[in-house]
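In what comes next, chain A is part of two complexes: it sits with chain B in the first one and with chain C in the second one.
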Partner chain A sequence: MAIYLQIISNGLMLGALYACLAVGFSLVWGVLNVINMLHGSFIILGGYLTFFAWHLYGIHPVVMLPIVAALMFALGFALQKLVINRVVSAPVLTTLTLTFGLDMILYNAMTYWFTATPRRITLDLGAVDLGSVVLPVDRLIGTALALVLTLLLYGVMRGSSIGRAIVAVRMDRSAAELMGIRTDRIYAITFGIGALMAGVAGVVFATVFPITTNVTGIWLGKAFVVCVVGGLGSVPGALVGGLVLGLVESFAGHWFGPQQAITAGFVLMLVLLVTRPTGLIGVRGYE
Partner chain B sequence: MRSGFPLYAAMIAGLLVLATTPLYADNYVVRTAAIVAMYGALATSWNFIGGFTGYPSFSTAAFFGLGAYVGAICQRHGIPMGLAWAIATVVVAAFAALLGGIILRLRGHYFAIGSIAVVELCRLVISSWSSLTGGGDGLNLPLMPWPPEQLMRFFLFVMLAILLASLIATIFVDRSRLGFGLRCIHQNEDAAAMVGINTTAYKIAAYTLSAMFCATAGAAYASWTGYIDPTDSFQIVMTVKVVVMALLGGAGTILGPALGAAAFVLLEELFWANFLDWNRAILGVVIVLLIFFLPGGLLSLGVLRRLRAAKVGGGK
Partner chain C sequence: MFAQGILRSARTGLLAGGLASGLLAAGLMASSPALAQETIKIGAPLALTGGLADEGHKQDVVWKMWVEKVNAAGGIPVGDKKLKVELIEYDYQSEGQRASQLAEKLINDDKVQFLFSPFGSGHTKIVAGVGERYQVPTIACVASSESVYDQTLKYLFGTLSPNGGMTTAMVAFFKEKFPQTKTIAVLGRDDVFPKSMAEGIAKAAEAGGLNVVYKELYPVGTMDHAAALSSIKAAKPDWIYVTGYTQDLILARKQMQDLGVTAPIVTMVTGPSYKEFTEGLGPLANGISSSSWWHHLTSYEGQGVWPTTAAFYEDFKARTKGDPDYVHGSCAAAGEVIVDALARAGSLDKAKVRDAIAATDIQTFYGPIKFGPNGMNLSRELPIIQVQDGTIKVLAPAAIKNADMIAMP
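So, the complex of A and B:
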C-alpha cells in the first residue's frame, strides 16, 4: 500500500510539472490554431538562462523567474508579430513546418553556444519523510511553483481584460474583431504568453531535470500528450491532462519498467485522440 | 488538356542524370545520387496523402523505420534480400491500412499530431522489444561481399527503381478515379462524401500508398548501411524533411516532390560540406524562406510551370 502512495505522490508532482510545461502550448494551439514546434526549445532556453545565471553569477533561480518570464515573453511576442503572423491562417502543414524550421534555428544556436552536455542546478535541500512517503524538497518546491504559475495564468485569463480578449478571440475571431479587439495584437500576446510559460517551466525544470538540447523533443511530446488528454486551449484542461499523464507515467513505470512510461503516455494519447478528440474535459465543437 | 510530353521528358531526363552518375563521377557523387533517389521516392510517396489528399501526414519516418526493421529481421532469419524487401513492403502496407482506418478519422491539427505520435510510438516499441529488434543496440545485417563501387552502384539502381515505381504509381493515381476523388477530398471532404465518394476507403488507399514505397526504401536502406538502430530509423526530423521536400518542389504535382528532394539534398550536402556547425540552422532558414517566398514550390516558377502538366484531373 505504501508503495502506491509513493507512486501516486510522484505522479502528482510530475503531473504538476507537466501541466506547467504544456499550458502555454495548449493556449497557442487553442487560440492561434498553430502547433508550436518551438515549445520544447523554449523550455530548454528558459532552463539554460537560469542555469547560466546561477552558475556564472550566482543568481538564485527564484530571482531569475521574472527575468526569464520577461525575456521569453518579448521573444515570443516578436516572433509572432514579425514571422508567424504572416501565415497564421494558413493550413496546419504550413504553420507546423514553419515553426519546425524556426525550431531548427533555435536548436542549432543553443547546441552551438551551450553544447549538449546535460546541466542541472542542484540545490540539495534534502527530503521530507512522511513515514510511508518520501518527497524530495527541491521537487516539492518545483511542483508548488509549477502549480502557482499555472493558476496565476488561470487568474490572468479569467480576470484581466487581456485574458478575456484572448478567450474571446479563441471562441470567435470575427466576432471579437467586430467588438474592437485587435486580433493581431492578441495573437502576439498569446504567443508571448506561450513562450513565457515555456520559459518559466524551464526555470522550474532546471532545478529538477537535467537541461540539454537533446530533450527538447521529449518535452514537446509531453506537451502534445497533455493537450490531447486534457483538451485544448484552457488552463484547467492542461492541469487535468498534466496530472493524468503524470499518474499514468508513474504507474506504468512501476508496473512495466521506466522505459514503458513514455510509451504508455503516447498510447493514452492515441486512444483519446480517436475516442474523445476534445480531451477529457474539452468542449464539443472546439476540435 | 495539355499533353504530358514535357512531364515525361523531364522525368526520364532526371532519372537518366541520376542513373549515369557512375560513368563519370566518383563514389561520393554516386552516393548523393542514391540519396536523392531515396528521398525522391519518400517525398513522392508522401504526396499521395499530403499532396493529393491534403492530409498533413507526418508518419513517413514510421513507415521507413518499420520497413527497415521488417527487412532487417527477415534477412537475419535467412530470407534472401529481395524477398525481405517485398515482405517489408507488404507488412508495412498492411500496417498502414489498419492504422489509417483509425487515425484518418482525425482531421487537421489532430491528424498531424496523431501521425507524429505514430513515429514516436514505433520508435519506443521497437527500442523496448529487444528480443526481436535488439533494442537500443540496433541490428546488424549480413554484409554484401562486393567492392564499394559496385555496392554503391547497386543501391543507386535499387533506389532509382523505387523512385520510378512511386512516380509511375503517382501518374496512374493522378489519372484515375482515385486521384480525382482524393483531390475532391482535399477541396472539401464533406462535399466529396455527399457526392458519393467513399472518403474513408479513398483516404486509406492514399495512406497505404504513401507507406508502401517508404517501406521498400527503408528495407533497402537497411541492407545498404548494414546496421540500423531505433534512433536513426525513426527520426521526426526525417519526417519533416520529406514534407519540406514535397512543399519545396510543389505538393500535389507529379514531379514536384522528387524535384524538391533533389534540390533539398543538394542544398543539404552543400551546407554539410561548408557550414558543419550551422547546417541545421541553415536548413531552418531555408524552410522559413520557402514558406514565405515560395509557398507553391519550385514548380510554381514560370519556367517550370509547364511540368505541372496533368494537375487537377488533367488526363481526362
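So, the complex of A and C:
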C-alpha cells in the first residue's frame, strides 16, 4: 500500500510539472493554430538563464522567476510580431515549418554557446519523509509553483480584458476583428504568454531536472501529448492532461517496468484521439 | 587585308590558348597523383552540434592535437616517403542518418583513405557499414559493445576493450571489499552500450553468486526515474547499478537522494568517467563507483607522438586546461594505429593497409593495442574508479590504485 501512495504522489508531482510545461504550448496552438516547435527550446532557454544567474551571480531561482518571465515574454512577443505574424494565417504546415526552422537556429545556438553538457542547480533542499511517502522539497515547490502559475494564467484568461480578447480571437477571429480587437496584437501577446510560460517552466525545471539542449525534443513531445490528452487551447485542459499523464507514466513504470512508462503515455494519447478527439475536457469544434 | 589580319590573330590566339590550356591540363594531370599522394586523408563525421556535441568535441580536440604533432614531425613514414596527414571533419549534428551520408561524401568526394568513427556504439555501427562498403579502414575509438563488431565487418577496428572486461572483475572486486553484498538492482538505459552493460553486469552478478532483485531498462528520453527507484527502494538491494549517459545518471542520482534510495555500493556507468558528471552532481557524486577503459593516472609507455601517458597528460593539460578522460585517450591512440599500420604496410594499398591494421600489436601511452579476430582491442585489466571528496580515485587494478574503496555516505 505504501508503495502506491508513493507512486500516486510521484505521479501528481510529475503531472503538475507537465501541466506547467504544456499550458503555453496549448494556448498558442489553440488560439493561433500554430504548432510551436520552439516550445521545448524556450523551456531550456529559461532553464539556462536560471542556471547561469545562479551559477555566476548566485541569484536564487525564485528571484529569477519574474525576470525570466519578462525576458521570455519580450522574446515571444517580438518573434510573433516580426516573424510569425507574416505567415500566421497560412496553412498550419507553413507555420510549423517556420517555427521548426527557428527552433533549429535557437537549439543550435544554445548548443554552441552553452554546449550540451548537462547542468544542474545543486540546491538539494532535501525531502519531507512522511513515513510511507517521501516528498522531495524541490519537487514540492516546483509543483506548487506550477499550479500557482497555471491558475494565475487561468485567472488572467477569465478575468482580464486581454484574456477575454484572447478567448474571443480563439473562438472567431473575424468576429473578434469586427468587435474592434486588434488580432495581430493579440496574437503577439498570446505567443508572448506562451513563451513566458515555457520560460517559467524552465525556471521550475532547472531545480528539478538536468538542463541540456538534448532534452528540448522530449519536452516538446510531452507538451504535445498533454494537449491531446487534456484538450487544446484551455488552461484546465493542460492541467488535467498533465496530471493524467504524470499518473499514467508513474503507474505504468511500476506495473510494467520503466521501459513501458513512455509508451503508456502515447497509447493513452492514441486511445483518446480515436475515442475523444477533443481531449478529456476540450470543447468540440476546437480540436 | 584587315579582315585577314583579324582572322590570323584570332587563329594565333586560339592556338596559343589551346596550347596553354593543354599544357595546364597536362601539368594538372601530372601533378594530381603527386598531390593525392602527398597527404594521407582521414575523414571524420563528428557530432559537433546536437545531443552528442560534448563527446564530438572531445574527439575533435585530441585528433587535432595528434595531427599537429604528426605533421610537425614531418608526417607518417610510408615506404621511403614521409606523408603529411590531413584530417577532414564534418558535423553530422548527432543524427545517425546524416553520419552515414557524410561518411559516403568523405569517401567519394574527399577521397579519404581512413575513417575515424564518431562517438558511441550506435553511430559507429552506421559509419562502419559505409566504410565496409567502400573497403575503407575505419577506426572506432568510442564503441565498446561487442554487437557492433559481431557483424563480420573486416574493415572496422576498435581501440576500446569489450564491455565484458568491466563487469566480471567489478563483481569480484566488490565482493572482496564488501563481503556482505548479496543482492543487486540493475537499471539500464535501453540503448546499445548502456543496455549491454546492464545485461552484462546482471549476468556477471549471477555468475558471481549475487541475487539480481531488480533488473529493468528505461527508454531513451526518460525524464523521470521515480517509479523505477521506488521499486528498487522496496527491493532493498546491497548494490545499485545504473547505466546511461550523463544527463540520465545525474537525474537518477538526484532522484535517489530525493526519494531516500541508497545502498552500500552505488555504481553508475559511465558517469564518473566524465567530469561533467561530478560537476553536475557536486557532493551527491561522492561514493559513486564506476569502471572506465583508461585513466590518466595509468603509466603506459610505447611508440607514437606521445611516448608515455604522462607526456599525453601534460600536452592535453597545456592545451585544454582540463583532465583527459577515456574518450580522449582512446581517440588519440586511434591515430597511432594508422601510423603503425602504414609503416608496416609500406604503401597506401587498401587491402595491405587493412591487413596491417589487423596485425597491430603495439604499446602506446593508452596501453596495449592488439585486435582480436572481430577487430576489437583485446581485454585487459580496466580501472575501477570512485568519486571521493569530489575527485576521481582509482581503486583497482592494484598497480595504479590510489585510494581504498569507501561505502556510500
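Here is the rule we go by: the second predicted complex is superposed on the first by the 287 of 287 C-alpha atoms of A that agree within 3 Å, B and C clash if a C-alpha of one lies under 4 Å from a C-alpha of the other, contacts with A are read in each partner's own complex, and residues count from 1 in each chain.
Operating definition for what follows: a contact is a pair of C-beta atoms (placed from the backbone, for glycine too) under 8 Å apart; a residue touches a chain by one contact, two chains touch by 3 or more.
Keep in mind that what you see is a predicted model, and the values were worked out from it rather than measured.
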Query raised in the report: Which partner does A:100 reach: the first (chain B), the second (chain C), both, or neither?
Result: first
Query raised in the report: Is A:210 in contact with chain B, with chain C, with both, or with neither (first, second, both, neither)?
Result: second
Requested in this report: Could you look at A:262 and tell me whether it touches chain B, chain C, both or neither (first, second, both, neither)?
Outcome: both
Requested in this report: Examine A:274 and indicate which partner it touches, taking first as chain B and second as chain C; both and neither are also allowed.
Outcome: first
Report task. Would you check which partner chain A:108 touches, where first means chain B only, second means chain C only, and both and neither mean what they say? Result -> both
Report task. Could you look at A:85 and tell me whether it touches chain B, chain C, both or neither (first, second, both, neither)? Result -> neither
Query raised in the report: Between chain B (first) and chain C (second), which does A:118 come into contact with in this model arrangement: first, second, both, or neither?
Result: second
Requested in this report: Scan A:35 for contacts with chain B and chain C and give back first, second, both or neither.
Outcome: first
Query raised in the report: Once the complexes are superposed, what residues of chain A are shared between the chain B interface and the chain C interface?
Result: 108, 111-112, 217, 221, 259, 262-263
Query - Complex contact set, residues of chain A against chain B - result: 29, 33, 35, 83, 86-87, 90-94, 96-98, 100-105, 107-109, 111-112, 217, 221, 224-225, 227-228, 259-260, 262-263, 266-267, 269-270, 273-274, 277, 287
Query raised in the report: For the complex, which residues does chain B have touching chain A?
Result: 50, 54, 56, 58, 102-103, 105-110, 112-114, 116-118, 120-121, 124-125, 127-128, 236, 240, 243-244, 247, 251, 277-281, 283-288, 290-292, 295
Query raised in the report: Which part of chain C faces chain A closely enough to touch in the complex?
Result: 49-54, 57, 93, 187, 190, 216-219, 221-228, 230-231, 234, 246-247, 250-251, 254-255, 257-260, 276, 280-284
Query raised in the report: Where on chain A is chain C touching in the complex?
Result: 3, 6-7, 10, 14, 108, 111-112, 115-120, 122, 124, 127, 129, 134, 136, 138-139, 209-210, 212-215, 217-219, 221-222, 249-254, 257-259, 261-263
